[in-house]
């Protein structure tokens, strides 16, 4: 923390928020609002005289409200920057007649109520999103009586309570009578693994955090009774199982089953009813204090930032990686990287590791001092563009901007474009050229293929990463299939334009196959969703035209599915044999008419 | 994989082993043995003609022995380099009279039996250890009848069986009758979480791997019966819980409890007896096939490499990080980093993330093109060194080399030295100077402190990272304690030389405190273990000399334990008050005699 | 149908077609000589030849000699999968002074000879089609250049918790400027609130 | 007792001692002027003074002026914890032309005035001792220089599984040479054996 605060190349902006980001990889424009601190952070020595005289007392957020602070305060003793701040909403005002006590007492004259919010502009080449987490708040559903029973705490409140630097100096006392609790319970999965409340995902850290807390409790007081109510104990990481065993050896009871209800006794103890799924019996446990192991939610600002940077979210609300296994810290938006709980719940070790990984990826991007854009990108022909916005809608990389209202033609940011070609396939006006995979180039392949004996051939489009690779793998495995299929390679199945399919049928193709990566495995995030929609659309049109929809097939074939590729080819050949001369002739005729 | 194989800056050495590493960060000398492949890897086009004619048939390791390969073979179709290799132990020999069939059939003349192992020397500035894992082998303990019952498979064997690129083309058939199994069981934690067999740690990936397998099975055959026997289902990661729920929704049965025994029926089915810990009853499940979810062990070469590079291992046998939370990919040996399962069991996403992090740390080290060594390092006075080897033994960073046999004086590699000063404290001959914390400098502080009114003062040594910081924190928290303590700061408590303690007592100190980071939290890996041993040694000597051992105290105080610091200070003051003038006089006298 | 404005040929293309035997791998199933001969008659093809191993050093040299001799401006190789040797042949074009995007490959091994081993006739027909398609496409290829865009060597880190701090430090220690933006009055995030075992204020943070 | 050979003073040390009030933080508990006065009489001390805020710009300038005026070669600052401002004052020494390791701090705030607020007498005594200890240590300090060692910009990656491959790629893409050593005949490791969901041969690997 202090290292970051004092590093000559790190500019720390606290009380600050990113308001807007424009531009693209290599050249982002960032607008930041730095809220007024009302204390000169470089001059303040954190002596604390100001807070002493401040008359406004508020609950201390850092201690989860278990202690108090003033309206002028240091968030916590080791804060960086090591300077006080005024919460201006709480402050009585600086009119000397009203208060201004802090201003008077500050020798160094650091306090200045005339400070105002500052707008800061920064130019950066890359962005690391490390927006962290937000703990689940059990007040919403009043889980286990949290809002009604004072001796029910959240795990974060408990954390401050056992912390040597916390409000009790690390002494565990329960709120109602400030006595040492002798019987303490922990309830796991509060706001996790539940369809009703919080997330339905596992929050990753709560099991180990509870186990740690049980060890701390047993260290403080070996005789105290500690019970943990759980579904599964997820001690999955390095050294975790060892801590779990140690906790059990020290006598901590792990009871499988989440409590059904909690009630308060006359002396403010808690009566916990649980069906022990091991014994199968309903048990009542009386406890002095109860700790709710609350889950982790994404930071509330996640969605705003997601829109600003064109990022994706998982159904759980965390940021989605460009590839969940092979590019785990890259965002789909080029130049943006994830670190820490913003990407999903994780512990400190994982956060630190991921942060270093994000740094590696950012450095990899920046070390040359320039961005080389792959030439296989798309290109807008402005004279044809009607600024309809379709291309921007389908681009998985947010690489296209178009002002639909002002009818300003689309613009491709070639640094962000990954070259899937979905925009070119979807453009209703033929206004987008996909370099190296132009309409003309692909259509010429179709035409060349079908110039002779079209009736005998199977036309197949295959994406480079999965289905074309699957075909190669069939070859490596020497899997035999009929020799009349001819593949046309595109980078992504999303490139396969409707007109390629119509051209094939118009030139007499009996059957056409479109193949790509499985849904979820697309090399271009989710461009193959558009393939799927497009094929469905063509199917419908075929039916309308009286062409058997079956003649157009869609198949997902992964790079490892050589056998599946061969099987699909055999199936296509069977299909081809069922297509009659008459059908083909009819199709050619109907498609030769002006409007398809 | 192919990206790595063709990257102009990556030199891929397969069939190769690191034999020896010398030197240090920035300048390692590496000796590598590249075993003969007997095939020219740059010329081979992997056409496979050679394997066709090879008469030697062996089980295919890649398919876990579920298929066969020849003595000349490509390990798997997408292998990099894409070249065949000869297993010379299996080959019949290249005498044309004997065989040499492969040599004859290779058009490009790639096969050369005169190749020999090559020794390669490389100079590098940093090292990434990514030695991976070794799956647990259930033949050792014959778990669940693995060696006796053919239809009991390991999870890796099963993996090859369901793999579209595997020996059955992804068709799940059971070994004995090659029929589709309709009832399949998975047993979790085979070789994990067990004190008896394999590791007693959790192998991290087996739960999710099994869940994935159940989904694949249900996709192949929605009616098949799938049962999973488990202790806890550890679906802890992003999207994991979702897969687990999906598996349960598809009807996969999760049965809590590990089977007690497995027997084989007449028709080669498996009868599994398990105490269902939920129902509490002993159940018998008859299954067609049983899959053992085997745990992950460290690679067998781990220990050899550990010795070569001076690394540490955890009790589980995986590599130990320099700091488990804040430096999770750094080894304690400067310039060495960890990636993947070498550091502990983890899935692909975590491995990839950690690998990027390791790259970031290595790049961070190398980007300046030079190593700046902190000046606060130790220094050997060769004329005093007796080459006893003690310093090298205690150095947590392997930064000192000394040839004990040849009596060559110790040498400090300043690039690796982190400056804890343990060597200087432990050297029996005063031959090591710790820069900026020399004996003279520290003794002068002791002397200056005790020059007047020594009787009233508490001498306290505090390490920079924990106990000195804890004292600061007490200050920040305004915790009051007696004013007669004076702290002497060293970087590590490991620096506190016996002679500093004796000097304090000799100069009339009533009590002395040595304080440092908690065991396990030492900023210098484990240097404070030596502090502990040393204090114990001094305690014994004190007793021998008739000095109350109680007058020397050892306390572990973390940076957050301000309250604890204040409390220890109060305890020291109480202790001080109990020390009599006579005791002090006696101590001074006895210590003024030549031999202490 | 719209054609890219860029895609205008200055002159008639001069295509060379080279069909690889890959030893017997292609040659045993596909009539390589016949394919080369058919290719020689295709539109835009100036020269066509069969080659033992196109990927080998001598094979590449042979092709480079053809390029120079016939002043070729486009090259079609019928051999293995482009996933294997496209980088090799692109490099070869560069060393012949051609733009690497003026290469097209026909996959005659993985997607032809190896999968139609018992149908020489069909495989040869397919090989001819694949080469024809490649030639047709090749005549419409145009040179592409990598675009070089400027880059600001600075990073914005959003969030000052343990992850943001670590990312900032690793970047800064690598020599990059970092702007670290934190909503609260201090950096530290949730970690600063935690008690020891998930670790404490110890050390660098 | 052995003394380091390096640790030989060329001449008598010329130490300056500066005791900071830190506003009222130290000054209200500790008799700062008395501490400064006592320091002035210590061995090796050429000049001693009390300062309002040593860490502030004017405070630092004042000290720098003393250094120049009295030709000081060592500086002792009695103020807050070195964990807070040692970097600040080391920087100050450098800008005064002194080696930064010739600085010593006495912690009169966190470890004195703030923790003995009701014992002015004891705190002042302690402050004097802490300054005396600092002066005594300062007179034995010697200049230290960072050592610059050569570095080979190459990395050895041991193991060619998914982790080794990724580390190698990230390093190579960052411009570093990599030697990737794998025991088996192919890189790929365990990952290459796995079926799809924990993913397969798709994409870049």
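Chains: A, B, C and D, in written order; residue numbering restarts at 1 for each.
Rule of thumb we're sticking to: a residue touches a chain if its C-beta (ideal position, glycine included) is under 8 Å from a C-beta of that chain, and two chains touch if they have at least 3 such contacts.
Being a predicted model, the structure only gives us computed values, none of them experimental.
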Labels of chains that are neighbours to subunit A and to subunit C: B
Contact-richer chain pair [B-D vs A-D]: B-D
Distance between chain centroids, defined by C-alpha means - subunit A, subunit B (Å): 30
Gap in Å, rounded to a whole number, between the CA centres of subunit C and subunit B: 39
Numbers and ranges of subunit D residues touching at least 2 other chains: 83-84, 170, 173-175, 195-196, 198-201, 204-205
Subunit B, residues touching no fewer than two other chains: 78, 163-165, 170, 325-326, 348, 352, 354-356, 358-361, 363, 368, 469, 473, 476, 558, 560
Contact graph of the chains (line, ring, star, complete, other): other
Residue numbers on subunit A that touch subunit B, as the complex places them: 46, 77-78, 163-165, 169-170, 193, 200-202, 204, 207, 232-242, 245, 256, 277-280, 314-316, 318, 324-329, 343-345, 348-350, 352-361, 363, 473, 476-477, 558, 560-564
Touching residues (chain side subunit D, partner subunit B) in the complex: 1-7, 81-84, 101, 107, 109-112, 114-119, 122-123, 125-126, 129-130, 132-133, 135-137, 139-141, 144-201, 204-205
Contacting residues of subunit A [partner subunit D, same complex]: 2, 6, 43, 45, 47, 49, 82, 107-108, 323, 325-326, 360-361, 363-364, 367-368, 465-466, 469, 473, 517-518, 521, 523, 558-560
For the subunit C and subunit B complex, residues of the former touching the latter: 22-25, 52-53, 55-56, 80, 83-84, 87, 170, 173-175, 195-196, 198-205
